[in-house]
């Protein structure tokens, strides 16, 4: 391990004397993960809020399904998207396989249930507090959804960060639909997988550390935005 | 895709006429994921609750770090554990590499930050409500932690389910420290990865569907326990 | 005070609110235990009774927030609906405050009635004495300020029926007086008021009729004058005198 | 009522509670604006004032729940601490109720004082008239029942100092009376009571001294007798008469 | 602008770094970008069958010929070869070091029950290994024989981690970074020859195939220039691949 530590240091310095290829990989990682996070929040938050405020037969079943879908294996999602986007598949004519778009699609599918299930829980707790007020005002579903999303926004940040973490760390789906093609669809995690299979373990771990640093930077930015954003009216 | 559908059906029936090897794989998957979930809840819930109820310099930093650690790449965790448990590593003498124990260790490391970060958010929202009461009672940290964990238990179930989902769907870490060795460390996700690399895509997807069914069963069981457990005193 | 309403007999039907065989049951317990009530179509009806008698539950049932286990509430001859609630408003015993500013809370409530005019919201704040606090985070208000906010929301909606659940419980004496004036004014303008209070003085000052509820049952419904002069049940008499009925579990006096 | 405390002059020092130069500032606003107070070491001190005057904030500061921006609170000559709070108890204006049964809520509070005896918890419930509701989910209690639960917790702790923030605001008249008796009894047994109320009658009935607070400042501190007979400030007089001071923003009377 | 082709290939070729060496030369000459997807042999063939490739470059001759005979590929060309070796820990517990008769070595390994990590993934390498066991008359299985169900690199990592012998292609081994104390134990048997082939995906089956560009890439690989480029690729001073395109093949295709 001592050896390894010095090796790791070497790998890190090597990485950090960034060549453009490496910057490209980081950029693509962020682009894919942030896009997937954004899309899954768009879908997942509305779905989660809907389940939080609504009452209908089968709601409990939906919640169980959603919670179970948090266990969607990335490889399976990757295969599912692959089979659809493949030239032989129904959407093959779009020519999206092995593009960043395909990676974003796969990750969005993977992460949306996570956002929906977690935000459902957070917003249901909030809605329990608001329920009677909303009922008294005779608010419709859309108004209620908008209200809990807005009032729960600070708690939902953690949900979004969980989704981002899942997507930025994920390799199974993006490697299948992206193909880990250099200069085109290679992201941090697929690069880590590649170096691992080459036996360059210290380089792989070093890349992992860089990935974590990126995740840390994103999280710190979100936290500072959250702090500096006027919390006026929220307490 | 039509082809694929019939192929898939074939694969599913093939799987469901379970041979003992397949049952073994399912059993190990559940054993590893449930153990990792249990350990990470043990650690993560206490850590999350501590951060939720405490105030200290650097707390914000800890929270940011924890949120970022939700983006820990499984492959990197796998490598880290591998390097420690490998024959050449400091803990090599334990002989744990390529055992289910190693897989549980790796997944616990992977999932604990998720449990901690999500439960921190849930419990902080709860503690905001209780803060003054606790302060007035002059409660110490351990008593506060116990109290919010107990009172937040129903919301924390969703957190635990998210952790379970992550662990049961995860392949990057377990394949490195487990080695996907037949009859020893092969779990559902590594089997899926294997079939994928063999080009047996329909079999891989079929296995994924079975995995989801298992996740669904676990979630449904938790939900029914939750419902049938007396919710007395909780509202 | 009944003469106030003489001018508006034409609108009587519009506010007709009554319930029949109302039961609200949780598990084995019948918290509301078979209530038939016809409210005066105008003026102020006050519901009084011991803690836990079922006053708040009854208000919720009348407003349609709870589904009765048995029986029905009818307003203008029709069962309650979300749409009916657009013509009613309620101030809860424990006000629900959104994580927004005071003004945003009020505008949120008014928006549900299609009132989007900022000026109207400001006027409602003014009426309940919250001018100057518009931009405060509403959840940091003092208890009394929160209650005023809830009142402002309800009154700002210009409801046909106004439910008040101990709406002045944490107000200072001057504010209690001011709010009572507002309620009287609203009532005079045709709003049907159904309120709960533990302030016997307030009940005397405002009520047109009084309803005494005990253990989920109506024991007495009478014009205010006769109720306060000579309640017809032993229980109501005890309540007015601040005595505990012997049949009840209540604080021991040691 | 001061004579009640004659027997306990020996314990005077034990309860000595005072503050100096107390300021609580949020942003630009000095919500508590330089308060010096020496509390009678015994008996019941009542704090009155308009909504938003700063009564609840002052209680929180005195109990040590808030860190003052300036100044200090001293109890027995020492600054407040979590340990000091083990000898005090507070009933909040809006009770905090855990997601547990009534009994578990009470036992949770008593456990913080090392009281783990189930019987003592049941006795406290009995005192506040909640016998029979032990196993109910506490958050489903009625408003008044919740307030009793909070009272039961506080009184069950046998505190040296008891802070009550409008503790009887949503109780029925009989319960108000019963709770007042309990508070008087506790005070007679040596508990220092510092309470906030908007019920002028209650303040009259219970207080040994009255403190009038307005816009974060103490305008008057006087023995109850003289305060109610002839308040020395114009503001306090207006308050007692239920009038709004002209300088304040308060509900317009239309 | 979109002059790019997609090559489905095996991880071993990609991991060896061969493409990083070859592709810039080809792209510089032809202006065609080559995108390489490196996956398991089975997956590569499957992906190509799904038309998600223009060119297939793998090392599993039987599967490749089936691919062509089923009409998915136009024609298969021998491209290059390297050889397989068996690597093991320096301590050599099975005592096979230096052997060049692979059948004898495998027999010895099986007798010693020395840990052996097999890819077990139906890849070209795995199929080769199975055929060697068969030739040696051994049915491998039991505690010592560990089927990792993973790619070459992962299986090497696993072997090094648990001290097991591994059969690997030389190219992957030479460029492998996590060798630990491992050394080549068995090499040099003709039976361990590893032939790579290249196939253009059939445009008649897959209209998306970029026939001209794909053919240009294959032509270049098979040309003297391409073959020399393959020969020139070295890691640690060792040549990894040995070009063996048959010049006659081209004419057959033409």
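A, B, C, D and E are the chain letters, set down in written order, and residue numbers restart from 1 in every chain.
The rule we apply is simple: a residue touches a chain if its C-beta (ideal position, glycine included) is under 8 Å from a C-beta of that chain, and two chains touch if they have at least 3 such contacts.
Given the structure is predicted, the values throughout are model-derived calculations rather than measurements.
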Self-check item: Touching chain A and also chain E, the following chains
Solution: B
Quiz prompt | Pair of chains with maximal C-beta contact number | solution = A-B
Quiz item: When the C-alpha atoms of chain B and chain E are each averaged to a single point, how far apart are the two points in Å?
Solution: 36
Quiz item: Using CA atom averages as chain centres, what separation in Å is found between chain A and chain B?
Solution: 17
Practice problem: Could you give the separation in Å between the centres of chain A and chain C, each centre being the mean of its C-alpha atoms? | Solution: 48
Exercise. Check each residue of chain D and list the ones that touch at least two other chains.
Key: 140
Self-check item: chain B residues counted as touching two or more neighbouring chains
Solution: 82, 176, 193, 196, 201
Quiz item: Residue numbers in chain E touching 2 or more other chains?
Solution: 39, 47, 151, 154, 157
Quiz item: Who touches whom among the chains?
Solution: A-B, A-C, A-E, B-D, B-E, C-D
Self-check item: Partner chain A, residues of chain E touching it in the complex
Solution: 6, 11, 14-15, 35-39, 47, 49-52, 151-154, 156-157, 175-179, 206, 208
Quiz prompt | Footprint of chain A on chain B - complex, ascending | solution = 1, 4, 60, 63-65, 67-76, 79-80, 82-84, 89-90, 114, 117-118, 120-122, 125-126, 155, 158-159, 161-162, 164-166, 168-169, 171-172, 176, 188-189, 192-193, 196, 201, 204-205, 207-209, 211-212, 215-216, 218-220, 223
Exercise. Mind listing the chain C positions that touch chain D in their complex?
Key: 26, 49-52, 55-56, 93-94, 126-132, 140-145, 148, 165-166, 169-179, 181-182, 185, 198, 200, 238-244, 249-254
Quiz item: If you look only at chain B, which of its residues touch chain E in the complex?
Solution: 82, 85-88, 97-98, 175-176, 179-182, 184, 186, 190-191, 193-194, 196-201
Self-check item: Touching residues on chain B, where the partner in the complex is chain D
Solution: 129-130, 132-133, 135-140, 143, 147, 150-151, 231-235
